[in-house]
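Look at the two complexes coming up: chain A is in both, with chain B in one and chain C in the other.
Entry: the complex of A and B
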């Protein structure tokens, strides 16, 4: 019974990984129709001396950890705030809060891109109207502001996931525990810190790791909003791999970067599996 | 079921089989030419290219053209991947660096042998030379679409500038931009593409040359030369003063230009068609409102431009090369095709001297086309296209973006560009 599964896994997962590993030690450019040359670990050596790789790696960590940390916190706050809502109010609030999760990533990206526009963007128009700013802010066209701006779009899209998951986890806390705390006259903050958060620890950890893996691979939002720019200020590993593979067609070098990326994802995956086991 | 019904059914069955056989025989006689292009992917040009294809098919009933719409920014990627996997189209529309990039794969059919002497004699001077790789012609010039400095006369007039005397030096241009920004803060004073892609480098190249900078290729001054730093400094100054709108693609300025929200715009001859398609302006109104001139000169003293025209390529493993060539020749040289597509919707210049049709030639006698033909085309300069250019484009344009959007010292940005170019 296991053999068919293993065969499918070997074709669907194993082959691309092995082929990527093989490509990563070759000088393989799609524009060059002559046979690829084996160059050992040269691509990896080049990678470690490539400042764009390090910038992209740094950006990937900022984007992934930053987005997940803020979304998880917001999701938690919203779940706690909505915990005591019932009936129609809860259904309405939950539907509204979940809406961003249903919007396709590319639509999110374009939505925010148009909202952020320096000339005619609704965010600048609002801030100008309220007198918060005196001139339009170049949200996506500033090397300093572009990353936070892209992260904000990602957080908007991701927070509902945490809200949904943590709301479910909150409702699963045994009533006896809550009642016992109430009998002990635990205050709201004390109840959250000592009763609810410990119960939410595992769901929070597992959902954060899942979202970390997902954000690590996020291409659509960043590409549609900034294409990794201005300069390299929002270039993440996935954006850099895309540019190398499909703009300069350096498949060998792009594969070496892909292998490093895969190893990093493996670390998260192992952490996720361990968290699941602990949970 | 009676006997009559059965014999009727047999007759219908036999007739159907015959019809299918006859149909397949006709289908077998027909040649299919696949044509990958972005003309059918864009609203402005789609009706024109569909009409041109229909006209060609009517004139060549044994050839079927299958048009494959691919966006401009995707076409090179898709063609390289398709060439690599052995299933490219027969013919494709291509432009700029992508043409040479594809030629480097060796997958293109050299076209020298297909050109008659008459056709060669009718092609505009210099139109073929930029498409030669080694001693082979690797693409046919479909149309010419050089870039010029467009200016909105109404905006200039409202800002108190002389609409009939556009700036001729970088200093004059900078002063004009400042005046426009002061007088009309809602207008983008200068539309220039600062995105990170190979086309943006092509578009920025003449500006860099104006400052004496040639970042890569023959006679390169490098990415960290004083000339390059001067260009980056000038651009940063424009951005800091709000005289340019960084991050927009050239095409994203066009609808704004159609709404009188861009004063000067560095764009190709096809801008006229886009503006008129967007706001429905008549030719006369357009010539009253818009003018075009050469790029202002810098210390180096000469104006520059780039050729953004489109080419047609044929892939070497096309099974229908003769049919593919007749389609290429039709689109590029047939007066009707030039009328409905090249001039009609693409607002560009044909690559041939005479179309052979007085009416079509008369349509090319406009103030805009004449300015391009007489003033701007002589300022065209070639760029070092190829795989290295694509890689350099990412490094250079990332530097340009850093200059216009950040506060990192220009010296550091230039050094970083140079490091990546090496």
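Entry: the complex of A and C
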């Protein structure tokens, strides 16, 4: 029964991967009418000396791990805060807190872009009104602020997922465990740290993995907000590969970049699976 | 009721803690909902009011013009909407249909490469979409599937399928094997055991997985942007990006109306299955990979 899926996957996933490997050693350019030639590892050598590649790699890590770490922490705090709400109150609060998750990425991007506007944006208007800043801040047009600003939008959209998963995990902790700790007069803090957190370890790992994958692939939010700019300050690997492949049509070079990224992810995946199995 | 009161902590401390808790939840609610409110309220503002230097919290002169503008103008918004719904729905259905038997086999059957296959699927899932972009593009180009809904569904499925298998497997793992044994003793073939015994038990899982795949396809911008070249065939998210540079350049009211329309189907899908999603995540993903 596993055969149909494997066949479909071999065609739609396996074939492109092999194709990527083949492309990565060619000077394949769609705009170039001379036939693609095998150039060995030249693409890889070029990659190694490409500062934009390194910047994009760095940005990808900051963007993914930063957003996931902050969202997971916020989601955990929220789940703990809402834990002792019950019945209708809890269901209503949960539904409302989950809403950002159902907002499409592109909409998140445009919405935040609108709110971040330097003149007439609601964020600057609020901060000016409260006296936190004295002049409008050019959030998305500043090389230093653009990344945190984009991350904030991502965190807003991602936190509900952690909240949902961790709430579910909290409610799955066996009652006896909590009762036993209560009989031992565990204080709220030590209850959280010693009883609840260990139960949340695997759910946390799994949900962070899911969200890390989703942020690695996050093209929509960054593209619709900054297109990777200003300069390359918010350019992640996805953005860079997209630019290479579909603005200059350097498929060969873009594929080499993809292969390197793939190898990095494999290392990450193995480390991750280890951590999960130890749990 | 909150039963956190240990005998040592006084009532005063409890009250403070309770107030702090409610304040924090209130703050979280404002943080989560304010941007959504802002989107909806802006969609009822006229062009001038939407970009005013001192924004108004409530539309001063509420107008439906932004929504009317969407339906009647040069851009085929209804087509965009339909394209997105059809391609995302098809992706979700196809992914779940193919994934369920595979997930069942991975969960139950004992064959040699079972562990390897499971991990391979998980690692497929980790593949950055963009790595597949150039080869998928050339693949669709060779089969003349570029610029077609079918090609788009193939692209979405590439990404949705491994995830669906992985998720469905964790749901099926949670079904006790004893449930199936009775049916198997009666001599039903595997296929029928799956359809008649297991599938009815994992309906929340099917819905959850389908919704996840649907949402992911709906959020996917890079595939429609590269695989679809005719504007009429474009999906909503890509259309928003493509037209924003033109029609909506300064028209944030119109933009937010379009954004609201793009959000609604996802919101509805999400709340329709929210219950089973919570149940599904509790029994499946949380219980362990």
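To be clear about the criterion, the second predicted complex is superposed on the first by the 261 of 279 C-alpha atoms of A that agree within 3 Å, B and C clash if a C-alpha of one lies under 4 Å from a C-alpha of the other, contacts with A are read in each partner's own complex, and residues count from 1 in each chain.
One rule holds for everything that comes next: contacts are C-beta pairs under 8 Å (C-beta built on N, C-alpha and C of every residue); 3 or more make two chains touch, one makes a residue touch a chain.
Predicted model, so just to flag it, every value in this text is computed and none were measured.
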Checklist entry - For the overlay on chain A, clash or fit between chain B and chain C? => result fit
Next on the checklist: So in the superposed three-chain picture, is A:41 touching just chain B, just chain C, both, or none of them (first/second/both/neither)?
Outcome noted: neither
Checklist entry - Thinking of the overlay built on chain A, is A:52 touched by chain B (first), by chain C (second), by both, or by neither? => result first
Checklist entry - Looking at the overlay, does A:119 come into contact with chain B only (first), chain C only (second), both, or neither? => result both
Checklist entry - Between chain B (first) and chain C (second), which, if any, makes contact with A:132: first, second, both or neither? => result neither
Checklist entry - So, does A:180 touch the first partner chain B, the second partner chain C, both, or neither? => result neither
Item to check | Superposed arrangement, angle subtended at the Cα centre of chain A by chain B and chain C, nearest 10 degrees | outcome: 80
Checklist entry - Once the shared chain is lined up, is A:193 touching chain B (first), chain C (second), both, or neither of them? => result neither
Checklist entry - In the superposed arrangement, does A:106 touch chain B (first), chain C (second), both or neither? => result second
Checklist entry - Looking at the overlay, what does A:246 touch: chain B (first), chain C (second), both, or neither? => result both
Checklist entry - Does chain A have more residues touched by chain B or by chain C? => result C
Checklist entry - Nearest CA pair across chain B and chain C in the overlay: distance in Å? => result 5
Checklist entry - Which residues would you name on chain A as touching chain B in one complex and chain C in the other? => result 119, 246
Checklist entry - Residues of chain A touching chain C in their complex? => result 1-2, 4-6, 8-9, 12-13, 15-17, 19-20, 23, 77-78, 81-82, 84-86, 93, 95-107, 110-112, 114-115, 117, 119-122, 125, 156, 159-160, 164-165, 168-169, 171-172, 182, 185, 187-188, 202-203, 206-207, 213-214, 216-217, 219-220, 223-224, 237-238, 241-242, 245-246, 251, 254-255, 258-259, 261-262, 265-266, 268-269, 273, 276
Checklist entry - Taking the complex as given, what residues does chain C use to touch chain A? => result 1-4, 6-8, 17, 21, 24-25, 28-29, 31-33, 35-36, 38-39, 42, 51-55, 98-99, 101-102, 104-106, 109, 117, 119, 121-139, 154, 157-158, 161-162, 165, 190-191, 194, 215-216, 218-222, 226, 236-237, 240-241, 244, 252, 255-256, 259, 262-263, 266-267, 269-271, 274, 277-278, 281-282, 285-289
Item to check | Contacting residues of chain A [partner chain B, same complex] | outcome: 29-33, 51-52, 118-119, 135, 138, 140-144, 146, 226-233, 243, 246-249
Checklist entry - chain A touches which residues of chain B in the complex? => result 77, 80-81, 84, 101, 104-107, 186, 188, 195-198, 242, 245-247, 256, 261, 387, 390-391, 394, 398-399, 401-402, 404-408, 416, 419-420
